[in-house]
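Pasting the structures in now, so scroll down.
Common to both upcoming complexes is subunit A, partnered first by subunit B, then by subunit C.
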Partner chain A sequence: MDPLIMIGAVTLGGVLIGGGVHFIPVGGAPAAIATATGVGTGTAMLAAGGGMTGLITAAALTGSPLWLILAAGAVGSALMLAVTMFVGNWVYVWGVGCVPCSAKVDIDPISKYPQDKYVTPGTEGHGIPTVCFVSGVIGGLLGGMGGGLAYWAVYTALIDKLPGYFPLLQAKLAIPPAAALAGIFALGLFFVNAVIASYNIGGTIEGFHDPKFKRLPRGVFACIVASLVTGLIGVLLLKGVV
Partner chain B sequence: MPDVNPRMTLALGLIGGLIGIYLTPINPVLGPLLAALGGVCAIIWGADAIARVASYGLGTGVPSIGYMSVAIGIIGVLAGLAGGLQIGPAYAILAPLIGFVLAVILGGVVALLGKRVIGMKIPILVSCTMELAGASALSVIAFSAAIAGSYLMPAILVSVVSTGFIGLLFIMNTMAIQHPFNACLGPNENRVRTLKLAGATSFFAMTIVGILGIGSTRAWWVITVIGAIAWFISMRMFIQASEDEAASTAWSGWWPKEEGEELRGTVHEIKEED
Partner chain C sequence: MVVDPMIAGLGVVAIMGAAATIAGAAEDLESDVGSMSNPNSQVQLAPQMGNLHRIFNKAVSGEPVQMGTLAGIAGAVFFVLFNTLHLPVIMSIAAGAATAALWHVAFATTSHLGRTTSLAQFNQPLFMDVVVEHLGPIAGHGFIVTFCIVGISYLMTLPIVGFNHPFAVPFLAVLWGITIGAIGSSTGDIHYGGEREYQQYPFGGGIPVAIHGDIVRKAELGARNSMDVVNFCAKYGGPVTGLCFGLIVFLSFWSTVVFGAVGGVAVIALILLLLIYLNNRVEVFARTKYGPYRK
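Up next is the complex of A and B:
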């Protein structure tokens, strides 16, 4: 594969990951004590869970057409995030005993349920209401698709090159190292873009209805540049500095 | 409060890490051991760098910058090792250095984006992220070299990347670098105590690295045993330091061993010591 296509795919993948993180309801430490809406942990943990699951499901379809790899990555990440949010809600509802509600909107844009009546005074909402859940699933789909795209690009580029660069490896033996290299590269890309997006949202966000979501263009621009540089460095895996 | 000079940890991590990596080929047992110790030096440097930058309050938690730096480190290291190999066999010796430099550059780019585009207001963000990325890169190369018994790409590809240990190194090095400050942060954080915990986490990582090397290096049991002993010593130092600085000790002294015995340290004595 042309290295330029690989750089392009890695950049696009990074943008999808960084953009996807803006959709995920990251609640951080306040959500962990049920005083803010969202999943009670930081972006890095959600990226680890969603990103790794997406990469495993994408890698399981290695050798399939591109659209199937992208779909597998997207479904894997979205499923992992959906399960995380759903089980998190059990804890908030039956463990803490609070109603999932958002403090950023008066009426949930999707379920049309009123929100402000249920927000405990002194908190910024709690749990994961419908709009946050839907937003999180969209984020998981985008992020998983980006991770799958980056994995596919690096793997396809490597599989042609590895036997030539490492004569010890036969063509068949090149599959595990190529898959592992592409996997760890895509995982690294996932974390870099997830943390840049996390810096952009200041650590916490509720989803696409949050006013902080307006910062999306700035975050996407930062992710484009960071992923482009990552892609340029990644070409060394294939070409070497001549 | 005793403070740690950032230049000292930088020198320890950079020089110790690079010496450890480049001494890997000298002996099949001593080499990997030195590489693992180099990784420990790099992790202590990283733990100090993360403590400096995260004291400003990132808004995203201490682990996030740790994960990002080690991700950058791994991308730089793999690209550098592969790239260095392809210039020619004579330049293969430069490969770890290229990996380190690439990681530092990528760390600098990401930090500049954070500062210029996103507008984060942390004055030392760029320098500290570059240090962190470099420390992570050195720790990953050093531990990979300790597992594979060589710092060259073919050996690392076969015994670290293909086996999936690289993913374990990713999470383990992140934990070793970010946990010390994440556990010790607060208004009475004492950097010496934080670095004692960094010693404990890094030697624990070294112990695991020794076990990972069972299939590929003869030095695995040496690394494991030395790592475990050093972990025990540094963990005891950390627990001792925590007990000495705990509020109940600092304010009212140790409880008497037997009835009637006087308190070991009184408020008065502690104040004089400070």
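Up next is the complex of A and C:
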């Protein structure tokens, strides 16, 4: 693989991850005690959790066409986030006894349900209403696709470098180091861009309807720079493999 | 007798789903008894508000990072014992999980001591009986999690259609460990933070900022500790966390085994649409059942 294509793929993957994180509704510690809308954990942690599932499903199709790897990564990541948000809402509704609602908008842009009067006084909302849920699924799709793209780029670059490796893999004679290395690279890229996005949104965001979402261009720019550097380091590492 | 590959695959998926469900439940209960996740912000805040307590407090890292490390240790020990010493699978997994449990005990002890020391300026005492009594349940729940996670990771690498994953077991264990930590932190821990920590206030609403730090410190008999917390959360928060992780693992592989690679992606896309609809139904249920807080 041309080194420039690999750097480009890693950069685009990082941008997709960083951009996707902006869509995921996370409320951090306040959400964990039903004081803020969103999933009750940290941005980077939730994005990484979703990304890992996407990485596992994308890597399961190693050797398939690129579009299929990207699609598998996207739906795997989105599935993790969707099921987590869905079950999280069970706990908010039946465990804590509150109504999923947003404090950032008066009316849910998708379901058109009124929001403000369902917010517990003294809180910033709670649970995951429809608009946050849809936003989270979109974020999962983008993030998983980005992770899958980075994995594919590094894996393909490594396989090109080691022409005798694939037959060994097929014959079950080798532990797959190329897949593991590409996976670890994608894992690192995920954390780098998730943390950058987390800094950009200041820890919590409700989704694409949140005013903080307007910070997206700045976050994407930071992710481009960080992923470009990561891609350059990746190429330097691969040059030293053989 | 030759077993149809799809039947074998479905059997493995069923075992993985069951193991994931147990792992998810145990993971949430581990974070409840050790006060690992975001609700621990209130355990840390309480002494600063003058509310001294006997809750275990070990959140020095994110829950996903802790579980990823634990599962990675267990997976690495398994990998060595199974592939190099050729021990039986179950024995290797158990030895890996036991080794991780030892690390877990050391981690829990030092992090609790460190956390409590940082609260010394607010007169929060260090109760040695709390340390000793909670270490067993913390390590026990952690053992169940790592045992199941390494088991799932091993099953994923079996040469069966739809599995045969290219990642090595330790790496898969780290990835699943991070995922299960994120899930436990996002689902079951809300039952601990949003309900159990503030049970002295009326049920049916979020926690206003004005009462932050005023956590429940008295139990049915004597002072409340984290054993009481896990006893409560095991009735709802833990099981739904298990169901969540079990569903994710099951659906991820069931779709591929039954419908193939392309069909599996399409089926998961349909499941995503179904989940958006179902989540909306839950929201509507809460709105009609509970009503607004103000007219």
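FYI, the second predicted complex is superposed on the first by the 225 of 242 C-alpha atoms of A that agree within 3 Å, B and C clash if a C-alpha of one lies under 4 Å from a C-alpha of the other, contacts with A are read in each partner's own complex, and residues count from 1 in each chain.
As a working rule, a residue touches a chain if its C-beta (ideal position, glycine included) is under 8 Å from a C-beta of that chain, and two chains touch if they have at least 3 such contacts.
Source: prediction; values computed, not measured.
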{"item": "Superposition on subunit A - do subunit B and subunit C clash or fit", "value": "clash"}
{"item": "Contacts of A:L187 with subunit B and subunit C, given as first, second, both or neither", "value": "both"}
{"item": "First, second, both or neither for A:T156, with subunit B first and subunit C second", "value": "neither"}
{"item": "Which of subunit B and subunit C A:G42 touches, first, second, both or neither", "value": "both"}
{"item": "Touching partner for A:I196 - first (subunit B), second (subunit C), both, neither", "value": "first"}
{"item": "Subunit B versus subunit C as contact partner of A:S227, first or second or both or neither", "value": "neither"}
{"item": "Which superposed partner A:A29 touches (first subunit B, second subunit C, both, neither)", "value": "both"}
{"item": "Touching partner for A:V96 - first (subunit B), second (subunit C), both, neither", "value": "second"}
{"item": "Which superposed partner A:F86 touches (first subunit B, second subunit C, both, neither)", "value": "second"}
{"item": "Which of subunit B and subunit C A:S77 touches, first, second, both or neither", "value": "neither"}
{"item": "Which partner reaches more residues of subunit A (counting touched residues only), subunit B or subunit C", "value": "C"}
{"item": "Selected from 1-9, 109-117, 145-153 or 181-189: the stretch of subunit B that, after superposition, runs into subunit C", "value": "181-189"}
{"item": "Contact residues of subunit A, present in both the subunit B and the subunit C interface", "value": "28-29, 42, 44-45, 48, 176, 180, 183-184, 187"}
{"item": "Residues on subunit A engaged by subunit B in the complex (per definition of touch)", "value": "28-29, 42-45, 47-48, 165-166, 168, 176-177, 180-181, 183-185, 187-192, 195-196, 198-200, 202-203, 218-219, 221-222, 225-226, 229-230, 233-242"}
{"item": "Residues of subunit B defined as touching subunit A within the complex", "value": "58-61, 63-68, 70-72, 74-76, 78-80, 82-83, 85-87, 98, 102, 105-106, 109-110, 113-114, 117-118, 120, 153-154, 157-158, 161-164, 166-167, 170"}
{"item": "Contact set on subunit A toward subunit C in their complex", "value": "28-29, 31-35, 39-42, 44-46, 48-50, 52-53, 55-57, 59-62, 64, 68, 71-72, 75-76, 78-80, 82-100, 111, 113, 117-123, 125-130, 133-134, 137, 169, 172, 175-176, 179-180, 183-184, 187"}
{"item": "Subunit C residues within the subunit A interface of the complex", "value": "37-39, 41-42, 62-65, 156, 159, 163, 165-168, 171-172, 175-176, 178-179, 181-183, 185-191, 193-195, 197-198, 203-210, 212, 236-237, 240-241, 243-244, 247-248, 251-252, 256, 261-262, 264-265, 268-269, 271-272, 275-276, 278-280, 282-283, 285-287, 290, 292-295"}
